[in-house]
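Both of the next two complexes hold subunit A, though its partner changes from subunit B to subunit C.
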Partner chain A sequence: MNVVMTQLAFNILITFSIYLTISVSFMNIYCCAKFFNFTHAIIITISAYFVFTFSKQLNFPIWLSVLLSVTFSIILAVCLEQFIFKLLRKRNKNTFELLVASLGLYICFQNLISLIWGDDTKSITSENVNIGYSLLGAYITKIQVIIIFVTIALSIGTIILINKTNFGRKCKAIYSNEQLANIFGIDTNLIIIWSVIIGSGTSSIVGILMAYDIGMNPAFGFNLLLYSIVAMIIGGVGKMKGLIAGSLLLATAQHLGAYYTDSKWLDTITYIILILFLIWKPLGFSGIRIKKIEL
Partner chain B sequence: MLKVENISCGYGKKQVLYNVSVTVNTGEIALISGGNGSGKSTLLKCIYNIIPTWNGAVFLDDEYITGCNPSDLIRKGLIYIPQKDFCFENLTVDENLRIAGNIYKETFLNNRIQEVYETTGLQKLKKNKPFHLSGGEKKLLAFGMGLLHQPKIVLFDEPFAGVDSKTVEYLIDLFLIRLKKIKCTTLIVEHSSTIDNFFTTIIQLELGCLKNIKHI
Partner chain C sequence: MAYIIHVAIIIMFYVMLSQSLTLTAGYSRLISLAHAGFFGIGAYTSAILSVNYGTSFLLSLALALIISAIIGVFVSVIALRSVDDYFIIITMGIQVIAFSIMNNWMQLTNGPLGISGIPSISILGIDLSNKISFLLLTLFFTLIVFFLLRNITKSPFCKILIGLSEDEIFTESLGKKVYLSKVISFTIGGMFAAVPGVLYAHYLSYIDPSSFTMNESIFILSIVIIGGMRNLLGSAIAACLLIIFPELLKFLGMSFDKAANIRQIIYGVFLVMIMFNNNLLSVSKNFKFLKIIIRRKEIRTK
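For the complex of A and B:
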């Protein structure tokens, strides 16, 4: 039983660190751009497919494949922001319209990925499946250890950036009162671009690591993003402690739920928790109300 | 000197200002008065380029500033203090001042913030968020955020709205008298009659048109 619990603990830690990293990066973009941008899921997915193309099809070294992949993913995210969402905001489209546009773009890109690379699950690595390291009776693979360290480092880095730097203060100012931020000379568009760069860079690295661990398919980024958004909502938008609590609660509930019932109930468990929180604790753990959300 | 020439503007397709021309000389304290919907706040927003002008021009000391972005306007000595939502609710008092002065280098900004603290007495509240401040303290913060720039021209949009008469007198002593002494050009949209004695010029708007300008 202890071995089972230890294995569960490792699995929860891996999932928690992934959800935390994606929700922190997503929240930073959301706080500046003020809408749920589903194209973030494309960045998570396409970065993995870029690495697949560069490393397996073009035989580039892994480090170069990852670097190019992250770069191209960031460029894609910035182009979407500059040429589509900025234009829509200039035409005074509301947050719901921006959300629907982002969902439409996500579907287009997902279909494009299916068309180019196919719908089957692919693997970036060609190594044989190995059992991993044994620790306290449970097993954890090398890539899972890397996931934990890299994602926690990225989360801590993003949290420090938002809470301790001038850039983070500007993001919070824009989230609080965009017009006042403009009055005092803050270039909102530039801050949004930088938050997109940082958020996309972070999420693309998570996407690549996840693909190394479990493989990838055209929809895997969307599922990850949805779970991270749920963690963000139940944690409470705008508070890092809330995000940590939300990610931990969700990861724990999913793994325990899968262990005691079946993994096919993962989505059901996730959305039941979300609904319960929306009914009984709509402000999440942290008590910060979500601004202008229409889902 | 601030000069507005034949400004027309509005919100969406609705026109609010119709060919308004106004000149306010250096050191003047001008009241912009008029009924609800006469375009008083719109005029200030248009001068500061918060809403774009449809036609017309704005000049600051004979320099064309129509359409300039706010960071340039601040550097030229023009600042706007809005009527409501005039601080960042999720930032502390200190962070609010730092954001207000974000265009400056840190050392310079620290000095300016210290001056604001000395003037307003907000230092003891620097780690508080606006949610924990009284209405008067919030107004002190708003004034501090604007005057941190030591502007040549200040655009105040109903600076005393929602504030009791005792606090109004305190704010007048603290800020308006100082602005008058340093010959800072001030445009104020205000309904309160408490500060009638301060004005050198009264600009009257009616239904988006200039009705009258009176120099006292």
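For the complex of A and C:
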């Protein structure tokens, strides 16, 4: 029983760190651009497929293919931002229209991916499945250790970037009052592009690591992003502590729920938590009032 | 010929679905991504009732309407605690829950294997198993749904919906019950979405959860958006376009999987283009635009 609990704790830690990284990067973009950008899911997915192409089909070394795919994903994200969302924003479209456009782009790219690479679940690693290291009776693979360290480092880095640096303050300024920030000489577009670069860079690394761990299919980025959005809403937008608490709660609930009932009810558990939160605590853990829910 | 009738029936299902979503998403601006869930609720209710209990078509239709209305009230009371993007995310969550119940509750829905052997429709002893009579029946229901929705959208109640979509607090200050109106509009949308669900189950005589996924919801929403949000006829035209166009691709010798992918890419591109230019497919406005261009050319030539 104790061994099972340790294993569960490890799994919760891995899931928590993944959700935390993606929701931190997503929230950074959300705060600046003020809409749910579903193309973020494309970045997560396509980076893994780029690595697949480079390392398996073109036989590049792993470090080069990871570097190339992260670069390409960032370029793709910036292109989408520059050529679609910036133009839409110039035409004074509201957040709903931007969201629908991002949903449309997501559908396009997801189907492009399944046209190019196929619908089946692919794996990047050529190694055989091994049980990995034994730690306190629980088993943890090499890639999972890498996931924990890399994702926690990335999320701490992003949190420091948002909380301590000049860039983060500019993001917060745009989040709280865009016009006033513009008066003080903060360029909204530049900040959005930088947050897109940082966010898509971190989340593409997470996507690659996830693909190394459990394989990939064209929809895995979207599921991951939806869980992270749920974690973000549970935690409450705007505060990092809330985000950490939200991802931790979601990861714990998912793993315990999957352990005590069945893993097929994972989605149901996730969204029931979301709905319960919106009924009892609509502002999330941090309780910051945002205009979306106040009304 | 049988193929054309099949396509026509499918188009009418989507016309009903998109028109019912027009009331919710268009008039009251409650962008719901749970519509395929209601479609599925109708289909599954009717299928379970008629396979397990042998109920007649009309009874199962009535029960499906009642059940989807109850679920609609329940869902809208939960989802209406939030607005805008958060509302979309919550309805998305409800769609995922509905799908996972259909997919995983083996005892009730038989899981991913689906329910087979759903009997064909017979009303008052008249058998409607052949395709042409089914086409007429679907046409009848489409017209009923269209007629009811048109009357609702022309009624004073719909003015409240338009008002609350523009300015909620102002509408409330006029003494209108905003929350109740939202719940009613969401519920009516869900109820009407159950009608094509019931017909769909009896038409194919086999249903499985893969027909009621989130992508289906996005597809229905994109029909409504492409049709022009508050335009019942427009969404009917958009449904025709978005279904006939990919069907044509099949004649070019494309395999089924690739055709499905290309269908989705097409409506994704359409969605992005519509966001750039709202009147892209709106026939009347484009006609005016053309007239203006022609007139300018005439003036120039003079």
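Observations
Criterion: the second predicted complex is superposed on the first by the 288 of 295 C-alpha atoms of A that agree within 3 Å, B and C clash if a C-alpha of one lies under 4 Å from a C-alpha of the other, contacts with A are read in each partner's own complex, and residues count from 1 in each chain.
The definition used in the following text is that contacts are C-beta pairs under 8 Å (C-beta built on N, C-alpha and C of every residue); 3 or more make two chains touch, one makes a residue touch a chain.
What you see is a predicted model; the values in this text were computed from it and never measured.
More subunit A residues lie in contact with C than with the other chain of the pair subunit B and subunit C.
Shared-chain residue A:Thr95: touches subunit C; no touch with subunit B. In the superposed model, A:Lys170 makes contact with subunit B only, not with subunit C. Legend: residue contacts after superposition of the two complexes on their common chain; A:Val78 is shown touching neither subunit B nor subunit C.
Once chain A of one complex is fitted onto chain A of the other, the partner contacts of A:Ile186 are limited to subunit B, with no touch recorded for subunit C.
After overlaying the two complexes on the shared chain, residue contacts for A:Ile197 are found with neither subunit B nor subunit C. Of the two partner chains placed by superposition, only subunit C is touched by A:Leu105; subunit B is not.
Those residues of subunit A that touch subunit B in the shared complex are 92, 166, 169-170, 172-173, 175-177, 179-187, 238. On the side of subunit A, the complex with subunit C involves touching residues 35-36, 84, 87-88, 91, 93, 95-101, 103-108, 110-112, 114-115, 119, 226, 229-230, 233, 262, 264-265, 267-268, 270-272, 274-275, 278-279, 282, 292-293, 295.
The touching residues of subunit B, when paired with subunit A in their complex, are 12, 48, 50, 69-71, 74, 80, 82, 85-91, 95, 98-103, 145. Subunit C contributes residues 31, 78, 81-86, 88-90, 92-94, 96-97, 99-101, 103-104, 168, 215, 218, 221-222, 225, 257-258, 261-262, 264-265, 267-272, 275-276 to its touches with subunit A in the complex.
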